[in-house]
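Two complexes are shown next, each including chain A; its partner changes from chain B in the first to chain C in the second.
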Partner chain A sequence: MTLGAYVLRRLGLLVLTLLAISLLVSGIFQLLPGDAAEQILGAWAERSGATLTAMRARLGLDRPWHEQYLGWLAGAVRGDFGKSLAMDVPIAPLLAERLGYSLRLAIPALVLGVTISLVLGVVAATRRNGIIDHLITVVTLTGVSVPAFVLGSVLILVFAGWLRWLPSSSALAEGSGPGYWARILALPVATLTVESLAYITRTTRSSMIEVLKTPYVRTATLKGLPRRVVLVKHALRNGLLPTVTVVAFNFGWMLGGVVVVEQVFNYPGIGSLVLFAIEQRDLPLLQASMCVVAFAYCVANLAADVLYAVLNPRIRY
Partner chain B sequence: MLKTLAVVIAVIATLVGTITSTPAQKRGGVLKFAVPSVKPGLDPAHTSTGDGYMLTQAIFSNLTRIDDHLEPKPQLAKSWDANAQSTVWTFHLQQGVKFHNGRELTADDVVFSIERILDPKTASRGAKALGPIKKVVAKDRYTVIFELAGAYGDLPLQLGNTFARIVAKENVDKLNSQPIGTGPFKLKEYSPGNRVVLARNPDYFEKGLPYLDEVHQVFLKEYAAQVSAIGGGEIHVMYLVPVEIIGQLKKDANVQVLEVPSPSFQSIEMFMNQKPFNDPKVRLAVKLAADRKAMLEASTGGHGVLGNDTPVPSFSRWYNKALPQRERDVPKAKQLLAEAGFKNGLDVTLYTSTGRPGMEEAAVAFRESAKDAGIRVRLESVDITRLYSEFLRKPREFTMMQVNWFGRPTIDEMITPFMFTKSVWNFMEYSNPRVDALLTDALGMTEFDKRKRLYDETQKILHDEGPWLVAYFRNYLSAIRTNVRNYKLIPVQYVELRDVWLE
Partner chain C sequence: MAVTIPRPAAIALPRARRWPAALVAGVAILGTFAIFAAVGPWIVPYDVEQFHRASALEAPSHAFWFGTDRYGRDVLSRVVVGSRSTLAMAAAGTLLGVTVGLVLGLGSGYVGGRPDEALMRIMDIVMSFPSLLLALLVVSVLGASAVNAVLSIAVVFVPRVARVVRSAVLGLRTAEFVEAAQVRGERGSWIVTREILPNLWPPIIVEACVRMSFAVLMSVSLSYLGLGAQPPTPDWGLMVAKERAFLVQAPWVVLFPAAAIVTLVIGVNVLGDGLREWLMARKTADE
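Let's turn to the complex of A and B:
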């Protein structure tokens, strides 16, 4: 199969995945107690009262759930995600805005995390079992072992509480432009970077160790190539392969799975939108946000697989 | 000539006088206001939490305004009067009030807004909270007449509540995210769960107000984050202060803790038609066994006042002062239990929750004090939503419920929804024809003394035989930076921002 056909097939699977996710979300949602109408009316809504019935009718919650789902799906296929029940605004612009926030958080965190991890992983591999290797292992593992909310809270305490350099919450930042973004992104990006270091570093280190043991690297070294050339041109290209998959997974996670980090910093990304949708029992909003997150995961993984093939011409699909 | 000159000088002097004596209020500035929870949506028909009330109060106006003594004051209506039976009320509107889109507010807008709330299709809880309104009519451009189904003295107060905001009809479908009102602030940025930005309305009808340029309502879930932010000057107001953190806040000279008694309370409730609480002796025994002071201390750390087993707090002007404060009396409680057939004591389950501050703490204090009278209480701590939506609505034997109630501004709302036969929140199924008659008659009276006599009798009955142990009322606490001026606490937790300024 050519790469093109492979990508097409994967894209087809992607559509099926999204369909399955939205159906699953909608199905599981029916098991949760309460609905959006009760949320809007508050804890003291009369259970059997006319008010609740009228609110359900307003929101279209009086229809059977498969009908609600199909209605939503018919719209989603045409690019219309419908209206958020809790916020009473169209979902698409809302989602686009939150996606913008999430991308601004995920991309710098990913670039930083990958760059630092690759350097650390290669350094650790070349100084295997030395002091520096152990140091890198300890530091990165400590980073991933500290829960994100603890690290985030400590960073807030130091940089917002004591030094007062940065706002303690995204909601408190002022202004606009690059300065604004730098101020609200600094701490969450730092947290995500630290959280992602260990895994990528470990993967890079172990695959580099394997590669460095191979005969072709030894040959390259023996024929007198400089160490740097051997590492970067010969070893790294093969050593990167497992890392690529890990990086793709990280991207999906940073885009939609970092609910805790977004909560700690009050950062208005997709993750906190998902949580918000669940709390408010806002099914259309939840379905749409989950589809975006799933889409990001799938595309990142597909990109990783394609990159895999590009980096390693031996692999064909 | 000289005379004219004198007049001119006098006029100038007065002008200069007024200019120089203008109060020291400073204009401008951004006030940052932190809330620990948010519920999205700005349609006054459906807001149901303090953070939302605050926003709709800033964006819209009401006919009346509820002040910090819970009295109705003029707002869009400059005056009002009622017929002798208080069944027909006439409100005279301010002229020249402009909506945020520049259109003048008229009596038609008032009629439209009130009718919308009353319309069942709107599905607003306010439909039942405005009083027995039969008809709203615009008599002329600036006069609105309310025709009621029965006499109702609290109408001016109710028209100041959160449901009765006056909205612009041309924008009614977008109220939740793009509201147009006549209030002191306009909505500038709306991102619930993050922040909401309000900007000064330059055409606000009360000349010179508001003082602030902008108000930011920011969502900071953790109180620890709020304490750090107010200490560092990142925020100016903490809307709610749990008692545990008062100490931390008081250490900071730049922060001031504000406190006001409020009609909010936590009751321990007994099902009237279930054993053993169908016996008034058992209910009274429970009320006598409770150590109120210990419960108040446990729940509020002393930031509250003792309750007397009715929903009316002792600082209310409606409180029946002839009622003695109920004191703990263990022997009497034991005796009553024995008379009711529980010589060897009684085993009951009390449902409580950690979902509201102070509830479970008070439940534990109650359990300890009830033990002495032979009432053995088993605590069942459940999720607050389940407590309200499930357990409270299912009467069971040997079961009590603890509930957290928010304060209400009118005396009728304090009692009727809970104690009138089959009323909305009468989960305990209390029913006494005498109480029903008293509450019905009192509703229509406007003369304070006569009306109070009926509420006094109601309180007396509830104090003795009512289904609730009300051990304490909880104060309402907020914190502000000391440079925030004229910030007043309104006991029902409304927030008035139009005359607040920053130094």
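Let's turn to the complex of A and C:
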């Protein structure tokens, strides 16, 4: 199978997965006690009789479940997710705005995290069992053992409380320009980055160790190539293969990490939107945001698999 | 090149007899927290819900070793008793998730064919949600409480455990002792529980330890987000969240529960490493 056919097949599978996810989310919400109509009216304690029936009809909740789902799906495909109950605004623009904020947080963290951990992983592999290797292991293991909200709190304490270099909250205020964003994002990005280092570093380290043992790397060294060339041109390309998969996994982890980090720093991304929707029991908003997040995760996984296939010509699906 | 080959027993036995240091350290840390969880309320200096309004937000002192929070509650007492909430949630979530995953993985792996295929595709879909978001989804449906946080942790764990168990079962299904049992005409349930399961305990125990460390992180994170333990329960995640506003003014209200969380997670991780080492050493000794 050629690469093109493989990508096409995976895209088809992606559509199926997304359908399954939306069906699952929508099915789960059917199990909830109470519906959106009751929640809107709940504030006015008008929970029975004609008002409720009228509200249900207005929201389309009197239709059978499969019709509701298909209606929602038809809207969602056109980018229309309905209206948020708690905020009374259309969901799609809101979601797009918050997703944009979250990506400003997640993308720098992902780029930084991947870069730093690749360097750490390669350094650890080349100085295997040395002091630096052990030091790197300790640092990455600490990253795994410290939850994001603890690390974030400590960073706030040190950099905002004691040193007063950075703001303690990343809530959006008056201000713009790269300097403003850099100040606001520095601590959340640092938190996410440190939290994501461990897996990539460890994967890179162990796969590089394997690659460095291979005959072709030894040949390259023995024919007198500089160490740098051997590492970058020969070892790294194969050593990076397992890392690609871990990066995609990491992106998924980051989607969860973003929820916590946004809460720690009061940052208005999609994570805080999900939490807001849960608190307010705003079902349409929750359903839409969950689907969008799962969508992002699936696309990242697909991208990683395709990248893997491109990087590794031996693999043909 | 002359190589002296030591007799297997000579290498294996001393290792098997000695407990790995990591195992001892892990058991010590986890054991301490378990004791705190069990008898915490009887050994702490103050009642966890007692307000000492006159000394609110007091720095660590002789009277209050870890200081006090904004209501003047003793932070030391709340951290010690708080191990109950986190340990119980994490252990229950792990136990439930591993048990259900084990049953599904055993059944799916042994039966094979279409049921196996169908179950694994469902597990794939469940796993296509990032774990914390899946937990949020479950909690949002069931409502925010400690019990529901346990359920959500279990839901996240089931497919992951089921996969590990299933692949181990697939490896064993064609083993000679299993085929022998089949030829003897034993029932499927007997083969699974008596022939396959006993061989699975080492990987299951190691997997459970890995899961437990995730479970601790998830339960404190859920509590931090307000979706796990509810006030006024003394809970580490909740303490860090609720006292966030006083972080700079009174760092001890946040730093001590945070340190407890990190110590517990490190303890569980170290225990897992120790167990893996110990089980592998035992396996070498057996062979």
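Details
Heads up, the rule we're going with is that the second predicted complex is superposed on the first by the 270 of 317 C-alpha atoms of A that agree within 3 Å, B and C clash if a C-alpha of one lies under 4 Å from a C-alpha of the other, contacts with A are read in each partner's own complex, and residues count from 1 in each chain.
The rule is simple: a contact is a pair of C-beta atoms (placed from the backbone, for glycine too) under 8 Å apart; a residue touches a chain by one contact, two chains touch by 3 or more.
Bear in mind that the values here come from a model prediction, so they are computed numbers and not experimental data.
Once the two complexes are overlaid on the shared chain, A:Cys298 sits against chain C while remaining clear of chain B.
Look at A:Gly179: by the touch rule set out above, it reaches neither chain B nor chain C.
Look at A:Pro226: by the touch rule set out above, it reaches neither chain B nor chain C.
Applying the stated contact rule after C-alpha superposition, one finds that A:Ser168 touches each of chain B and chain C. In the superposition on chain A, contact of A:Gly100 is made with neither chain B nor chain C. By the document's definition of touching, of the two partners only chain B reaches A:Val89; chain C does not.
Contact with both chain B and chain C is seen for A:Ile156 once the two complexes are overlaid on the shared chain. By the touch criterion defined above, A:Ala54 reaches chain B but does not reach chain C. Residue contacts after overlaying the shared chain place A:Gln263 against chain B and chain C alike. Shared contact residues of chain A with chain B and chain C: 156-157, 160-161, 168, 263. Against chain C, in their complex, chain A makes its touches with residues 17, 20-21, 24-25, 28-29, 31-32, 141, 144-150, 153-154, 156-157, 160-162, 168, 252-253, 255-257, 259-260, 263-264, 274-275, 277-279, 281, 286, 290, 293-294, 297-298, 301. Interface residues of chain C, counted against chain A in their complex, comprise 125, 128-133, 136-137, 139-141, 144, 213, 217, 220-221, 224-227, 237, 240-241, 244, 247-248, 251, 254-255, 258, 261-262, 265-266, 269.
Interface of chain B with chain A (complex): residues 32, 39-41, 43, 46, 48-49, 120-125, 127, 176-177, 191-195, 216, 218-221, 225, 228-229, 232, 234-235, 384-386, 388-389, 393, 424-425.
By the touch rule above, chain A contacts chain B in their complex via residues 33-34, 37-47, 49-52, 54-55, 57-58, 86-89, 156-157, 160-161, 164, 167-172, 263, 266, 268, 272, 276, 280.
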